[in-house]
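Both complexes shown next keep chain A, but they swap its partner, so chain B is in the first and chain C is in the second.
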Partner chain A sequence: MNKVMSNKLIITLYVLPALLLIMVLIYVPIVLTGYYGLMRWDGVGEMTFIGLDNYIRLLSDNQFWRSSFHSLLLAIFSTISLIGYLIISLILATKIKGANFLRKIYLIPMLLSSVAIAQLWLKIYHPTNGLLNSLLFTIGFNNAPAWLADRSLVLFSIFIAIIWQYAGFYILIYYAALKNIPESIIEAAKIDGATPIQIAYKIKFPLILGVFKVTIILAIVGSLKYFDLIWIMTGGGPAGASEVIASYMYKQAFSSYNFGYGSAVGFYLLLFCLIATWLIRKLTTSKEEIQY
Partner chain B sequence: MGKQSDVVKTESNTSRKIGYALLYLILGIIAVFQVYPLIWLVKFSLKSNREVFSESPFALPTEPRWENYTTAWTQGNIGLYFFNSVWITVVAVVLTVLFASLVTFAITRMNWKFNKLTLGLFMIGLMIPIHSTLIPLFSFFLSINLIDNPIAIILTYTAFNLPLTIMILLGFYYTLPREIEEAAVIDGCSINRIFFQITLPMTMPVISTTAIINMIYNWNEFVFINTFIRSDHYRTLTVGIQSFIGQYATDWGAIGATLVISILPILIAFFFLSNKIVEGIAAGAVKG
Partner chain C sequence: MIKKLFSLILVLTLVGLGGCGPADDPDATDPTPGTDGEVVDESTISFTHLWPAGSSAQHNRIVESIISEYEEANPGVTIDVDVLSNDQYKETMTILASSRQLPDVGLTWAAGYMTPFVNGNMFASLDDVIEDGLGEEFIPGTVEAFSVNETAYGLPLELNIAPIYYNKNIFAEYDLEVPETYDEFLNVVQTLEENGVTPITVGNREPWTGSMWYMYLADRIGGPELLTNAIERTDTFEDEALVQAAEEIQNLVDMNAFVRGFNGLGNEEAKGPFMNEQAAMYMMGTWELPNYTTNEDVPQEFRDSIGFFKFPMVEGGAGDIDSFVGGPGVGLFVSEDSPVQEQAKDFVQFFVERWGETSVTDAGVIPATVVNTDEVDLPDMYIDILDELAGASNITLYADVQMTASVAQTHLDLIQSLFGKHITPEEFAKRHEEALAAEE
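On to the complex of A and B.
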């Protein structure tokens, strides 16, 4: 048995294709991103080594920090909205009829491509004929804003579309976790006279805290690297008001051909994501994990 | 006394009912928020521009203009993009599931020194933001002449979906009893036969889950295809409709029809496979 299952040749053959792919297409590139960040390079011509210039220049690049701030704002919005998704899931999981059907309805937008979602929301936000402003005109609101052209509103408007995209996903995760809680625990609490709100807050929430922490990481890291909807809906505009780290990096590299500088931005993005993951893990680690 | 408690009971019953009605109202509003934009999309996909601009956006199209769909399909090259999406998605999914199964089998069933380390490499891969790999990948594919070649797309999809797929497979492999495989070894069965004729068929349920998840991600992928593919004849639906819409920016009906065509396959798949899809997304939650 052991001899057959230790066949070196077979192990190599089984592991190598996948390992090669992730090494060549994931690990080598992240190292190279850091390295290219040390270069002045237009993507095709000669590279010139310029040391830490790109990384230092980034530190005083206002547009980079503005983009980072926007990414951070998205991360904060996303984290706060998790509470809303959690409340909806708690409602869904209290023996509501049709809960299974509803959570599937909620999930539909998540299945669509970001191009479809972005194009649809461009139409919804259309200043004169869009769904939203038409609705506002109908109820007598005449100065409806141009949602995506207004610098102070654009990020918020995009965030609503992001909520539309991801709400069903988080509700699905919480619902699945809540359904895993043994019925006996809830019954015992009911016999002891706990109200539904007490049960939700003092029993169900602590029991799915582990899942909640995972979703915090998902929401924050997901927001830090957010790109698709923003790129298609506004391209980071107007005047950089919805620029985020990933769109700034993409522009530097593939629109301005500053591949070296873009790589430095990409490397910072990697660092931000890893630091955020590590930090959240550290901050949310409790002494004892609750078991049931 | 008994009467009073009856009163209390009916009161709490009524408030219970009101409470439930409120909860349903909240859930219903969210359902409308999630679904109405899509209904609105179908409505304006059947309208002419004159209807879109002069009539209420909530109105049904007076006379559904199906020609919007023929316009989108013929002028928008949608048929070609559709075909590209299908074959690129299918090839990438098959490669991902096969390679991931091989690795998971080697990690959970075979004895070797670096299996924990290898598993760790795959799991850390889950956390890497794709944008941090984009520039090196682009210049790598450029240097080996794979820019504007679907092979670059298929390899990238496979690589980036492997970690998640392995993670989902792993949970299933750990719960799978080993007795059948052990018996096969004693009977002198070769490892290849064990894997392909015993293990792979046994893991079909989880393979279908991961295949569905992979399919949705690949079908909807935007960044890689937008960066690595230049020419129209290799474009997939996501990027294809993006460029088509760019040209027809003012024709709402054609845009709507294009979008409906692009999301219809996913919606149909969801209608038939919703339980599998829900399960797959819950299992793949770590990717996000």
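On to the complex of A and C.
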């Protein structure tokens, strides 16, 4: 085995297929998207080279910045909700009754497709017959808002659905990480008289810090390029109140037939994600891994 | 091929999802690429349409039967059919067009949608087919919607107008008459509202539905030409009548005329309260007619209780009650690059003729060709609508279809803002004017 792995030719042979696929399906399109952004192109006819016009125009495009702000809000919200997921996992990882059952409940949303989740929440938020408003009506709250039609509420209504959608995923990650902590450390802490909160805060959390950092990156980058629920539930409406970068890009490219402009939006999105990843890495690097 | 692959990849990156599978078949079946225009006995016409057997069973059956008839009448000609769902269709066409791989015959929407294809020289002129006797069969105005610079590039298949459907039982319960003037209409709205019945349901999350309400008010107040002229820039969108129409929309919103949370409801969701007899009125294209006539899935009592009326007159307005908002749905195009163009043109001509004869009786589709109401056996509501069509003084094409794609997007966003009262009527008009001016 060692002999095979030291043969350069063999290594190339094994790596090449995946590398080629990644190049063709990911890196080439990224370069192409940047290139299309330099064009005026309706997606059908001839392309006209217009230099950096699209990119410059985007800088003063209010709707684009508004969408970016919404994406940023989503990123902040999902990062904050990570703390909630963590707390739930901490509780589930202690041997409380029914932890197994509860864990499965939290996991179910992960098994549903985005479209199904969107349909489900559309039903919950329905202004007259929806689950939420029916409940509010029965307890005598007659002025219940139309959650998805009110432009000051719509974004947060969808955020809640998104946070629900991803709960299972993050809880699963944290749960697995917490289960990896050696039992002996916890035992020792207990003997020394540590309270459960102290154990969670001073021992468990530091030990899964590495995992936590990774989930921050996942949550922020995932939020910046988020598309599905928003597209299905509101299409970015009413009047752009729930527009995010990805839905704006889609609208420009496929509804308004500004492929060039849409590509430019896509390229900025890539840039934002790269910057965000770099920033988080920079801010969260600590000197060394904590070990006990 | 490389270019096509790139376009595909572009879509994959932009959307981040797959789902573009069916894009790669036409060149596999073209039998005679590169031969000169001569029509050979053995020819294959590729034809892509958007009526899958599952979701549009009746349409699909008609298409199948027309094709088999044609193949029988023309031995040696094979029609190679590809079916896409409605949602996939537009995107796939865009991708195929960017690599000049359009099918020989396919479907297109009118005006704004087809303009880039025509400008890109991808559709063949169909003037010869129309001059070949087919012309007189079309209802006036329908071919024009598929024409660019007086040349026809598409043959319309459907024609729809948008009346207001109403629930006769609800109207009877509150002693309401079908309104003929706008004041009577407001009175109906108010009575219903006071009695806790939703007067009108509209799914403005898809703002083309709200746009029709605005278009009718613009038509009744400013006359049939005004909106079209404003879009074509021979008149201004800041015309007093167009601003007043916007004011009337907000006035209706203030009266609680529209269903709760209309800006968050899709058209299908908005249809619910009307079908459940919770809302009294619903404006929609005549493609809804089967739900009120022949569709067995809808209870008979409900179907019997639905009628329609024309959008009422506004006192002192320049409009006319026989003017409608509507337009042709899809039409057939023939690809300019098709190696079997002559045969394809022959096929579309045959298709349109047969479609006109069978579509209304078999699928409830109102064709863009004249239907002889004496000869066909149809539910009363169809006969009434067809008569209204025959007597129509004007049909204004849906605003978002008239406009180019990016102005249409602005228009739809503004409609949502107008209904949601996020902007004033003056701003609404001004921002339309700006968007239209920017296109010039």
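Following the convention adopted for this analysis, the second predicted complex is superposed on the first by the 272 of 292 C-alpha atoms of A that agree within 3 Å, B and C clash if a C-alpha of one lies under 4 Å from a C-alpha of the other, contacts with A are read in each partner's own complex, and residues count from 1 in each chain.
Heads up, the rule we're going with is that contacts are C-beta pairs under 8 Å (C-beta built on N, C-alpha and C of every residue); 3 or more make two chains touch, one makes a residue touch a chain.
Please read these numbers as outputs of a predicted model, since none were measured by experiment.
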Q: Give one of first, second, both or neither to describe whether A:105 is in contact with chain B, with chain C, with both, or with none.
A: first
Q: Mind working out whether A:173 is in touch with chain B, chain C, both or neither, as first, second, both or neither?
A: first
(Q) Going by the contact rule set out at the top, does A:27 touch chain B (first), chain C (second), both, or neither? (A) first
(Q) Residues of chain A touched by chain B versus by chain C: which partner has the larger set? (A) B
(Q) Contacts for A:218 in the overlay, against chain B (first) and chain C (second): which applies, first, second, both or neither? (A) first
Q. Is A:210 in contact with chain B, with chain C, with both, or with neither (first, second, both, neither)?
A. neither
(Q) Applying the document's definition of touch, where does A:262 land relative to chain B and chain C: first, second, both, or neither? (A) both
Q. First (chain B), second (chain C), both or neither: which does A:237 touch?
A. second
Q: For A:254, select first, second, both or neither according to whether it touches chain B, chain C, the two together, or no partner.
A: both
Q: Figure out whether A:182 sits in contact with chain B (first) or chain C (second), or with both, or with neither.
A: neither
Q: Return the residues of chain A at which the contacts from chain B and from chain C coincide.
A: 24-25, 28-30, 32-33, 36, 43-44, 128-129, 225, 227, 246, 249-250, 253-254, 259, 262-263, 266
Q: Enumerate the contact residues on chain C facing chain A in the complex.
A: 6, 9-10, 12-16, 90-91, 94, 97-98, 116-117, 119-120, 122, 204-207, 259-265, 269, 272-273, 405-406, 408-409, 413-414, 416-417, 420, 422
(Q) Looking at the complex, which residues from chain A come into contact with chain B? (A) 1-2, 4-8, 10-11, 13-15, 17-19, 21-30, 32-33, 36, 43-44, 88, 91-92, 94, 96, 102-116, 119-121, 123-124, 128-131, 134, 138, 164, 167-169, 172-173, 176, 214-215, 218-219, 221-222, 224-225, 227-228, 232, 245-246, 249-250, 253-254, 259, 262-263, 266-267, 269-270, 273-274, 277
Q) Which part of chain B faces chain A closely enough to touch in the complex? A) 23-24, 26-27, 30-31, 33-35, 37-38, 40-41, 44, 52-53, 56-58, 99-100, 102-103, 105-107, 109-112, 118, 121-122, 125, 127-140, 142, 155-156, 158-160, 162-163, 166, 182, 185-186, 191-192, 195, 216, 219-223, 227, 237-239, 241-242, 245, 252, 255-256, 259, 262-263, 266-267, 270, 274, 277-278, 281-282, 285-286, 288
Q. Which bits of chain A are touching chain C when the two form their complex?
A. 24-25, 28-30, 32-33, 36, 42-46, 122, 125-129, 146-151, 154, 225, 227, 234-235, 237-240, 246, 249-251, 253-259, 262-263, 266
